[in-house]
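Heads up, the next two complexes both have chain A, just with different partners, chain B and then chain C.
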Partner chain A sequence: MKYVPTIGIECHVQLSTKTKLFSEVDNDARGKEPNSCVSPVDYALPGMLPRLNGEAIKYAIRAGRAMHCNINAFSRFDRKHYFYPDSPKGYQITQFYQPIIGSGFVELPSGTKIRIEHAHLEGDAGKLTHFSDYSLVDLNRVDTPLIEIVSMPDIHSPKDAHDYCKELWRLMCYAEVTYGDLYNGNMRFDVNISLAEEDAKELGTRAEIKNLNSFKSVERAAEYEIKRQSRLLDAGEKVVQETRGWDDASGKTTGQRSKEEAKDYRYMPEPDLPPINLSKEFIDAESAKLPLMPDDYREKFNQKISEDILEILLDYPSLMKKLNEIDEKNVKSLSNLFASVLLAEEKSAEYLNDLPPSKDLNELAEMNEKKELSSTATKEVFLKLFDPQMKGRGAKNIAKELGLVQENDLGALQKIVDTVLAKPETQKAQEDFRNGQEKVIGFLVGQVMKESHGKANPAAVQEILRKTLTK
Partner chain B sequence: MDIKCEDVNHLADLSDFSLSKKQADALKDDLQSIIKYISQLDEMDTKNVEPTYQVFEMENVWRDDEILPQQADREDLLALAKKTENHQIKVPKVL
Partner chain C sequence: MKTANKTVSAERLVKDALEKAKFFADYHIFTYLNEEGALKKAREIDAKIKKGEKVGRLAGVPYVLKDNFLSPEGETTASAHILQGFNSPVTATAVKKLEDEGAIMIGRTNMDAFAHGSSTENSYFGPTSNACDKERVAGGSSGGSAVAVALDIVEFATGTDTGGSIRQPASFNGVYGFKPTFGTISRYGVVAMASSTDCIGFFTKTPEDMDLLMSIASGQDPKDLTTLPDYYNNAGEPAQVPLGHAVAPARRHGGRAASTSVVTCGDPQVNLRSARIGIIKDFDNESVDPEIRQALKKKCDELKKNGHEIVELSMPNLKYALAAYYIIVPAEIASNLSRYDGVRYGFRSENSKDLEALYANTRDEGFMPENKRRIMIGNFVLSSGFYDAYFLKAAKARTLIIEEYKKAFSKCDFILTPVSPNLAFKLGEKVNDPVSMYLEDVMSVPLNLAGIPGLTIPVGKSKEGLAIGLQLIGPRRSDKSLIEFAKELA
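Coming up: the complex of A and B.
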């Protein structure tokens, strides 16, 4: 039987504000000791009052606009109750009834539009590390601001699920609301999947796979679920509505807990946080601060950069920003260098953190354009521009230091040509050339290049040689 | 709604409290009477009433995104936990 898969995705994005959502504590716990970024509010000590971080509201507006979403002027917080050691409060503060971000859409590179149902602000939970008979709790992550983005069930293939997650990641990075480090859980995906027969009016029973943290695992988990559910349905069995875990190593999902015993979260209004009521001016002002988005870059550069290269470079917001800063005439050559040299370089991750000034990149592109650098030398100098040892010296100086500047001075080249032509070992070749043996010109060019220690421009050398020999 | 001793013990368990039999009994009676008192509200028809978020009619109370020193540090807060290990709170096996 052929089934149509329907996939909905909830994505949690950790916001990169300086402080947490409800306390004035460092929100950046990267590389810090467990429980070192905590306050009595995070511990939910009696009488502690959460205080809303205004910056998180601004981040939410930018994130929402990046997804073409309406921003709701009026929003408020609710408590979602559950007992688990990752939450000292015994509830999560979230926006259940009136979220700040309304409906919108995300357009995939293929052109498919995935609608966004809504997105809301909430606090993250602490981190548990499980051991054989106990668990350890680190509360650094408690109440890190999150936006949970809820898609409509518009995704119908594992590939689209992958592309949607990737595009969301790009949008959030370009909107500058998250560090976007997937490995460290800055974005996490819950994927729900159901199958229905073609032409069926209702969706099938869905299974949910929680806490995926890479695009590839989203795609693989969706593929696996489609196969698993197809087999069940083909055999006349039922899909159970449940939460399943994904094991990256085995490439399988396994049942965790059944939704039939789903708990009642006892949602109730959060009385400690007054509602948010934003003016149109406030929303417009924040929306205007949204930086250029991937689509803006696609539109801007589609004539200059091939689609393949553009889609690769779009994964690196800092490179796109740089391409936007440099002189327009250099965009094509530098985008090629970014894609084929920088990203292939072993240290590219380190280099990407600190790009050279635009004027150095422009200088390099112009030297290449004027043939002052061969293409090999251009690549070499290009990488040196990123090298912490060489940085800031400028393309010209580095090229000179490394002796890579090509000799284009016709007078100087003529002198070298004359020296070579005066040498006894070139006499036979000169004669052969005059007798019509075209090929020996290569040998003579080689001799001149050698004499110039590789600095001569080969095309110019050949021209001068021809002129001199046919005089 | 009838509150039983098991309910009190279940709640205590979830909150990681230990209660003596006497305490549990007393809490059971207290909870029972609180719920009975609150249940009077059930007589009201609240079908078209919006839930009350707050009674002060405040809006847009938020703070700047600046890190402030805290009155209690990591060790003060960890000292409140029953058990700790490597600067983390140690809890019974979950899941």
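Coming up: the complex of A and C.
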């Protein structure tokens, strides 16, 4: 039997605000001791009250606008209750009834539009690490602001599920609301999947796969789930509504919790936080601060950068931002360098965090343009611009220091050519050339390059050689 | 308020208070006596006075703290087993404001655990006795604080009022007890009972002292987003409304001279010399103790004689208040008590073999039966499938009650009612009958649902010598004029 899969995705995005959603504590716990970024509000001392971080509201507006969503002028918080050591208050503060971000859509590169049902603000939970007979609790992540983005069930293939997650990631990175580090859980995906017969009017029973943290695992889990459910339906069995876990190593999902065992979260309006009332002016002002989005770059650069390279570079918002800053005439050559040299470099991840100043990149592109640098030398200097030890010295200085500037001065080149042609070991080649053996010019150019310690512009050298030998 | 000065030292004031506290030990007022800490602070203040340095408006005034206010002095337990061993690293905003003015905490007072109760019998430390009759309850939940002021151990005490927990014990012991408009005093650092109805307030012997304390403790706090702008202290500034004729000679408010002709008032202009006083006829029935009804009648006659107008009000929707209260409040209680899990602070049950057991045992052993009852009710009314039928319906009833008060205050300036239907009852009398205990709150809880202020005014004694109090109620943000009016009545 042929089935149509229907997929809905909930995505949690950790916001990169300076402080937490409900306290003034550092929100960036990267590389910090466990339980060092925690205030009495976060670890739920008695009598502590949440204080809302206004920055998170601004981030939510930007995130919402990146997905073409309406921003709700009125929204409020609710409590979602459950007992677990990762939740010190015994409840999560979320927006169950009236979220801040309304409906919108995300357009995939293929042109498919996935509608957004809503997105809401909430606090993250802490992290537990389990050992054989004990577990450790780290509350650094407690009440890191999250937005949870809920899609409509508009996705019908694992590929689209993958592309949707990736596009969401791009949008959130371009909106500058998250560090976007998937490995460290900055974005996490819950995928629910159901199958229905092709002409069925209703959706089938769905299973939800929680906590996926890569686009690939979203795609693979969806593929696996479609196969699993198809087999069940083909055999006349029923799909159970349940939460399933994904094991990346075995490539399988396994049942965790069925509907009967589902938790009752006992939602309740959060009485410690007044509702959020946003003026139209405030929403408009924040919306206007949305940086350029992938589509804006596609439109802007489609004449200068080939589509393949553009799609690669779009995964790196910092590079796109840089390309937008540098002189227009240099965009083409630098985008090639970004794609073919920088991204191939093993330290590229580190380099991407801190790009060189635009003026250095412009300088490099111009030296290359003026043939002051060979293409090999250009690549070498280009990488040095990112090197923490060389950074800031400028392309010209680095090229000089490394002795990579090409000799373009025709007079100087003529002198070198003359020296080489006076050498006894080049006499035979000169004779052969005059006798019509074109190929030997290569040997002669090589000799000149050697004499110049590689600094001569080979094209110019060849030209001078020809002129001198045919004089 | 008797403050320390060059002739009467803070040390003297504190020593006297501590001595009295010990003298009345068998009333079980205190969960902690802060002898060393209080004396140390007193000496610091005395040193300042000696050097002629500036001291606060409450310099050297001893006071007691209800056991649910966080401060590093003594364990903050809310008189609950589950918080035993909890030394707070933070200080409640209200406590900080009092101490910044030089007040000295001499002890923490007994209460119903987590403020769940109307008699202080639900304390892990056992009940507190009534100041008028040792065989009777102190009222609650702020029983210890009320008795400490009634017995003159201190001139003021802090309290919290979620459904009457300040006004009822004030009434049972014959002192002033004030529950301000919701959000007047920061709740930061006060163990939460029900967030949407919890109010911080005080017990005093006079309305003047109440006025001073309110001007010190009130105000917006960035640590509590539900606090209101600092309107209480603004006497004399533009936001106020003029009073008909002069309110007597200039009084001092918070150390500043207040204008003689204006008083802070949220709603209508109030003429404190000829105010319109509403009485609720729905409350005037056999379920109310005859001596209380008589006291109310007597007060009304007195008011009429003094040029005030008595307005009869029908407020039928108030009958929903108790039911709505005992849905909304347990829901918030269940939620607010979720954090007591034995993982991070306070009591933890031993010998639990897994996480589930750790939670279950800690909470089973750590909470009082009344705490558990409310947690169960709260979780029930919030559970999926019941939310609309209970919590949402109660929230709608709450709106009706707010509207009912708005309507009433279009006809009168203040409302005068009993605080509770009964005088202080016998220890043990109602402890096994939760519904009759809840009925004690029938006249106090509507204010908490509406967020409006109420002040218990002591009006005399019963034939048996029990204290009788009446409750003066004003519209939202009428706190200042309410207290001014109480001064008129005193």
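By our rule, the second predicted complex is superposed on the first by the 469 of 471 C-alpha atoms of A that agree within 3 Å, B and C clash if a C-alpha of one lies under 4 Å from a C-alpha of the other, contacts with A are read in each partner's own complex, and residues count from 1 in each chain.
The working rule: a residue touches a chain if its C-beta (ideal position, glycine included) is under 8 Å from a C-beta of that chain, and two chains touch if they have at least 3 such contacts.
These numbers were taken from a predicted model, which means no experiment stands behind them.
Three-chain overlay on chain A, with chain B and chain C in a clash.
Of the two partner chains placed around the shared chain by superposition, chain B and chain C are both touched by A:Pro85. With both structures placed on the common chain, the touch criterion links A:Ile57 to chain B but leaves chain C unconnected.
Touch criterion met: A:Pro274 reaches chain B and chain C at once.
Put chain B and chain C next to each other and count what each touches on chain A; the higher total goes to B. By the document's definition of touching, of the two partners only chain B reaches A:Thr19; chain C does not.
Of the two partner chains placed by superposition, A:Lys201 touches none, neither chain B nor chain C. In the superposition on chain A, A:Asp264 makes contact with chain C only, not with chain B.
By the document's definition of touching, of the two partners only chain B reaches A:Ser36; chain C does not. Once the two complexes are laid over each other on the shared chain, residue contacts for A:Lys471 go to neither chain B nor chain C.
Judged by the touch definition given at the top, the superposed model places A:Gly47 against chain C, while chain B stays out of reach.
Residues 40, 43, 45, 51-52, 83, 85, 90, 137, 268, 271, 273-274 of chain A contact both chain B in one complex and chain C in the other. Looking at the complex, you find that chain C touches chain A at residues 68, 70, 76, 78, 83, 86, 88-90, 92, 187-192, 194-196, 222-226, 331-332, 334-335, 337-341, 343-345, 355, 359, 379, 382-384, 387, 391.
On chain A, the positions that touch chain B within their shared complex are 17-19, 24-26, 33-36, 38-40, 43, 45, 51-57, 76, 83-85, 90, 128-139, 268-271, 273-278. Here chain B touches chain A in the complex through residues 14-15, 51-54, 56, 58-68, 70-72, 74, 77-78, 80, 85-95, going by the rule given at the top.
Interface residues of chain A facing chain C in the complex, by the touch rule stated above, are 40, 43-52, 79, 81, 83, 85, 88-91, 137, 264-268, 271-274.
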